[in-house]
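One structure coming up, written as structure tokens, with questions to follow.
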Amino acid sequence: MPDVQTLVNEFLNQLKKRKIEGSQATAKQTAELLRSVISQQRVPHTNQTTALINAVRAVGEQLIAANPVELAVGNIVRRVLHIIREEDLSLATAAMAGLGVSAASDDEDDVERGENSVLSAAVVAAAARSTLRPPSLQTLLEDTSESAAAPHTSSSGGESDGRSRSVEKGSKSRKLKHDVLEAVNELIQDISTCYEQIAEQAVEHIHHNEVILTLGSSNTVLEFLYAAKEKQRSFKVFVAEGAPRYQGHLLAKELAARGLQTTIITDSAVFAMISRVNMVIVGAHAVMANGGVIAPVGLNMVALAAQRHAVPFVVLAGSHKLCPLYPHNPEVLLNELRSPSELLDFGEFSDCMDSASGTGSLHVVNPTFDYVPPKLVSLFITDTGGHNPSYVYRLIADYYSADDLVVKRRPTTGS
Amino acid sequence: MWWRSASFIMDRQQNEAALKGESSPNPNPNPKISAYYETRAAHHGVVTSDWLAQAQAAIGPEPDPEPQPRPDPEKPFSVIDEFNNWRKQPHLAEAVAAIRALAAVIRWSEATTMMQLEMELKKASDSLKSWDATSISLTAGCDLFLRYVTRTSALEYEDFNSAKSRLIERADKFGEISYKARNVIAMLSQDFIFDGCTILVHGFSRVVLQVLKLAAHNNKLFRVFCTEGRPDRTGLRLANELAKLDVPVKLLIDSAVAYTMDEVDMVFVGADGVVESGGIINMMGTYQIALVAHSMNKPVYVAAESYKFARLYPLDQKDLAPAIRPIDFGVPIPSKVEVERSARDYTPPQYLTLLFTDLGVLTPSVVSDELIQLYL
Amino acid sequence: MGPPKKSAARVSEDPDELVRVPLQAVLLADSFTTKFRPITLERPKVLLPLVNVPMIDYTLTWLESAGVEEVFVFCCSHSKQVISYLEKSEWFSQPNFTVTTIESQNSVSAGDALRVIYERNVLFVTLKVHGDFVLINGDTVSNMSLTQALIEHKERKKKDSNAVMTMIIKHSKTNPAIHQSRLGTDELFMAIDPNTKQLLYYEDKADHSKGTLHLDKSLLVDNPSLSLHHDKQDCYIDICSPEVLSLFTDNFDYQHLRRHFVKGLLVDDIMGYKIFVHEIHSDYAARIDNFRSYDTVSKDIIHRWTYPLVPDAMNFGNTAMKLERQGMYRASEILQSQSAVVGPFTVIGSGTKIGNHTKISNSVIGEGCKIGSNVVIEGCYIWDNITIEDGCKLQHAIVCNGVIIKSGAVLEPGVVLSFKVVVGPEFVVPPYSKVSLLQQPIEEDSDEELEYADSTSAIGSQVDKSDVEIASEVDKTHFSPVSELGMGGAGHVWSTCEGGHEEEWRHSVAPIPKDKILEAIKTMEDDMELTHDGSFLPLSGELKPNSNDSDDDDHEDSKEDSYYFEKEVEATFLRAVHENIQESHLNLEINSLKLSYNKLTADCAGAVFYAMMKFALDTPHSSADSLLKNVQLVFTKWKQVLTTYLIDIDDQIEIILKFEEMCSESAKEFAPLFTKILHHLYNEDVVNEDAILSWEDEKKDADEADKVFVKQAQKLIQWLKEAPEEDDDE
């Protein structure tokens, strides 16, 4: 087996050099890498979860730092962390099911800035469930605490899972890792099949004689439209070319090869053509926690056009694109500015960029992504079904735990 | 003559009822005037920021202030007194003071059964609430506390004393959380303040001040536009505080908000209460600012602690219990002229972008979800 | 630093290649030039930071992402520093990418380096595989993909084993006024066969004063089509086959890669080696050759032309850099005061403090710098750990590590401050000066061709000292309280050697001053003016007959030509008269004569005039009066023809002179009529007043013999001078 560190370094390299394109590929590779990390991580008998979590965190921190704009990496790291916690919990509840009543649980009533958390000796199933949900009033209210003797240690939230269980752990030491690996495999499976699951819902959304508009090229959209075609829906597609990479041309070619009537328009023509369109269907790079979308450049304009003409704007996104972070200043922080040579020929314009003779005043900006605010999106279609943008936080609660919002390796001793 | 909502009538009735004899020992002399705002005015008048700093320093590192010994064992325990004691610390929010007071109630209660204890708590809570009927956070805080404390499952299985001590602990903890809420909110909102941004704030919210303090401490470059906040001119106070932090501040009169809105990057307000729809109740003028910001596509961020979530669902402005406060125009007004004296308004959720609470960053639609879950 | 084995290698794409061998590269970590002195006296050029990252990192990163798997780094000057840097960095621990260093102390050129490599290798040649390698310098920044170029190179190799090298070139316009490319290198002329992409001619030191190139005729004979380029930039990235190494070994005087090797190969037809080019379009490649290219490439990196080798992705374990709007790159932990204005296209390293009301724009600032208040920094490159006190003004300067600039100091454009210099307060460092703590090495006439100071060897031994030794040497230079750099300053301002000063502004970080550009444009226009002609002729490159440095031969040739020319013109004119040809046709014919004889308009004018006068003379006449009448008739009729060639005053003077000559030599009959005819010419607007007056001026210093006609015309001239108003009325 190749050394884990080499694998990590290789992947880091690829991320840094921007060699991997597409969130699905990135997500899959990240998941596979983390799977290797977990399987090769040696876990002590006690505090297993913490060890695993720390290992994943350490690698995750590096991966996220290599390319902060590629949100899929962070998403998968957090998913894996959540899986670890969940598996741990389910094992614990199974073990504790037979035990008595002495109740105590941890409480996670605060977000990543670890506040107080109390170490306790045993777990109650119902209360335990709440540890994984994001803090809510309800969780506040359902917490019970140990008798006054329990010390108030202000350890970091990551420790909250490291309860000082003693004997019960022995039996599940191997099981935890096994379960986690199984769950991670499932995750990888999900990522690979996300297209099919989304495409299955195509029939409900595309009806006969509709005109669909899309921009650029997205595999998800392609599969979606194929599926609708398979089900004998007849519809037409307008493809906006998606300058400067003109990937819309590729999409149009594929669609036409499949027998769909396709029309290519320039990005600037979207407003002119939108009144003839019934629905806009696009893919996304990432979906943020407030329901906003990080999408290929030009889609904000399309969303505005759609709103103006009351055309539904549908975003297709696999669940690995769901990000628990809020976008503050997304146009700058979550955007990747690529080489201007995609827009201009360097040779032709080299005399405008000659700083020697003082004519160096031509600046070319080539952003890759656009931010579409949640109020412009009508519907999200993920592999779990169709959702409202304001429902996104629920999905996030299902897939991620609150402690993992900031993936940083915490010091093991309480601060 | 002019159309009013039905709630207007109800308000009038309520007010008249309030005037007709107060059974509770309400130290508030004039029930027409919102004690809530009176308190705040008093604080702002009396206390200087140095005092504030000292008080904060004195209290700062101590996470759990010593439960004060019973002041006078002879005197019957009065929750209002306790409440007032706590309230004296100006940086303490009213609701937190109430919570602490209620915790003290449990501590010094002489009940012997859970039912008795619960009844005592309810009575104390009612008296607190009636002390200022207009304060939403007070009501909400008390309600939440009651639910928090009385919802301990497995209480039936234990004997009274240990249950009581556990209750005390939870009460203290809740007080703790509420107290620390401001810091949590401040930390959450840091990322939303980017270098070079312009923030518009309205009124004097201690939470928002905490947010800005932390941002200045983290060497972020930003400037603040502060509305004057008539009639109590709380904006001037805030401007004072910010100037001490070396943050560039610009004062505006309330009517100049639309004029300067295009230079603004975001609006930050506090809240007196967060209602079920996800909207907020805050100082008069917030609704106006939110409308202007919304029309110009500027985000409106609200900083509110979680104990302010109230079980109210106002449909329009007049559905709120009015909080009246005196307005001094500087010149005598003929008595025929009516003056709108309401001190707060309701901002519907569609004009708000995000709420920063100690539970995390929430969109307005999440609030209703949370509250529904809670009270199910 | 061990002896690397140079296994024959290439990326095997063919399915029938059983062995997959890695792609190799040779990186010359020494440019063997002195363009970056005084900085390179203390540190090797490849370790100098370019937008806060050492140059060699860009090259190595690119090589890795291009698929190279083995790199041999050749170090000569400051080799210890390079080697220890590589060891400490991550480059030695990458999987699939091995970096081996080769050290040599005695090499003075790239040729030497390649010879050393050839010697040190144990060549094992397996007959099936040919090993190509990438030859590159350590100061190249690129993001191109090598696959296409490699494929082409190999295809060519298969078909023709003489194709030894593929050069990478890029389209980039040169500044026409100053004949300099964006990177500060001279204009490059290349002749390329557009079908086969073979390089046929390469000239980088063209003489711009002559404005000519010489191409061998055989080029045109051998190649059916040829395209001549002067807008291509040599990226100095070459894909070489192993024969290149043996070629260098065989020819001991091949020093410079281009001037000797490439030119040598192009000229040499015995062995018939061929060099090909590969042009890249949307990829970027540039070499940092001098300070001007340092500036340009830094700006290109900031503008993200080199994506993904951009500052926010090039952090090697350092703190991350974030890109904000308007090309601002900020690292973490920067303390910036609220009132500071940090402008567009600036990079700020971590741990830097910026004081109040400071303005920074278009600059690169390294780590740990302390910049005081009210400082203005514009277009500068400020490296690490530098202290700039309050009130300073820095424009277009390079400031190296550890420099202290005291308050109120001003750095004029083009200044280079080397390591640890101290500039005293209120001191103004003159423009284009280079300041270093080390003394300027005494340079004997450096061999300009090679640009290596011959005293390098003397310095070379010095230069490889460790930092400790340099520091101690520096201590010895006593820090006088008032040194060359103001109070408490430390450092020596290097004087520019003669001939070097001319070039300072070309190769400096500062933008070229406007007056120099205007000067250059003016010279360019002057050159063009000579060719500016009447409406008939296009602006062709009509060169003046070599007046200055032409030999006597040329002169004689031209004389004969003139004679024939005049004869022809005369004949044409006469024919026109006799056959009644239209004036415009006559003009056409004279024009073609002018072109074929390569004459100027003045010559034409003179010839036509002569022809006309001769004709007038030849027409039968009885007396002087009738001669005069004849002349008048001729002129009235054929005036048009003549005036076409009288564009400016020189032409008119030429006519007058011609007339004089005629009068004194060939057609003496005109002598007494000189003034009258001149007057007539004046009336007919053939010559104007200024011409006559300047003619008179010219003749002032002449001998008496020449002045005969001036005296004759004296009356006319007097009249002209005294009656200017009448002239106007007329």
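A, B and C label the chains in the order they appear, each numbered from 1.
Here is the rule we go by: a contact is a pair of C-beta atoms (placed from the backbone, for glycine too) under 8 Å apart; a residue touches a chain by one contact, two chains touch by 3 or more.
In this text the structure is predicted, and so the values were computed from the model without any measurement.
Set side by side, the interfaces A-B and B-C show unequal numbers of C-beta pairs in contact, with more at A-B. Here A is the chain whose Cα centre lies closest to the centre of all protein Cα atoms.
Centroids built from CA atoms put chain C at 52 Å from chain A. Computed from the mean C-alpha positions, the centre of chain A lies at a distance of 36 Å from the centre of chain B.
Chain B and chain C have CA centres that are 72 Å apart.
Among the residues of chain A, those touching two or more other chains are numbered 332. Counting partner chains per residue, chain C shows two or more touched chains at residues 324. Across the interface of their complex, chain C is touched by residues 6, 9-10, 13, 16-19, 65, 67-68, 332-333, 337-342, 345-348, 350-351, 353-358, 360, 363-364, 366 of chain A. Against chain A, the residues of chain C that register as touching in their complex are 61, 64-65, 94-95, 143, 170-173, 175, 177-178, 180, 182, 184, 231, 281-284, 292, 295-296, 299-300, 303-308, 313, 320, 322-325, 327, 344-345, 511-512, 514, 517. Residues 195, 219, 221, 246, 248 of chain B are the ones touching chain C in the complex.
Only residues 324, 335-336, 338 of chain C touch chain B when the two sit together in their complex. The touching residues of chain B, when paired with chain A in their complex, are 64, 144, 147-148, 151-154, 157, 162, 165-166, 169-170, 173-174, 176-177, 180, 183-184, 187-188, 191-192, 194, 306, 309, 354, 358-363, 365-366, 369-371, 373-374.
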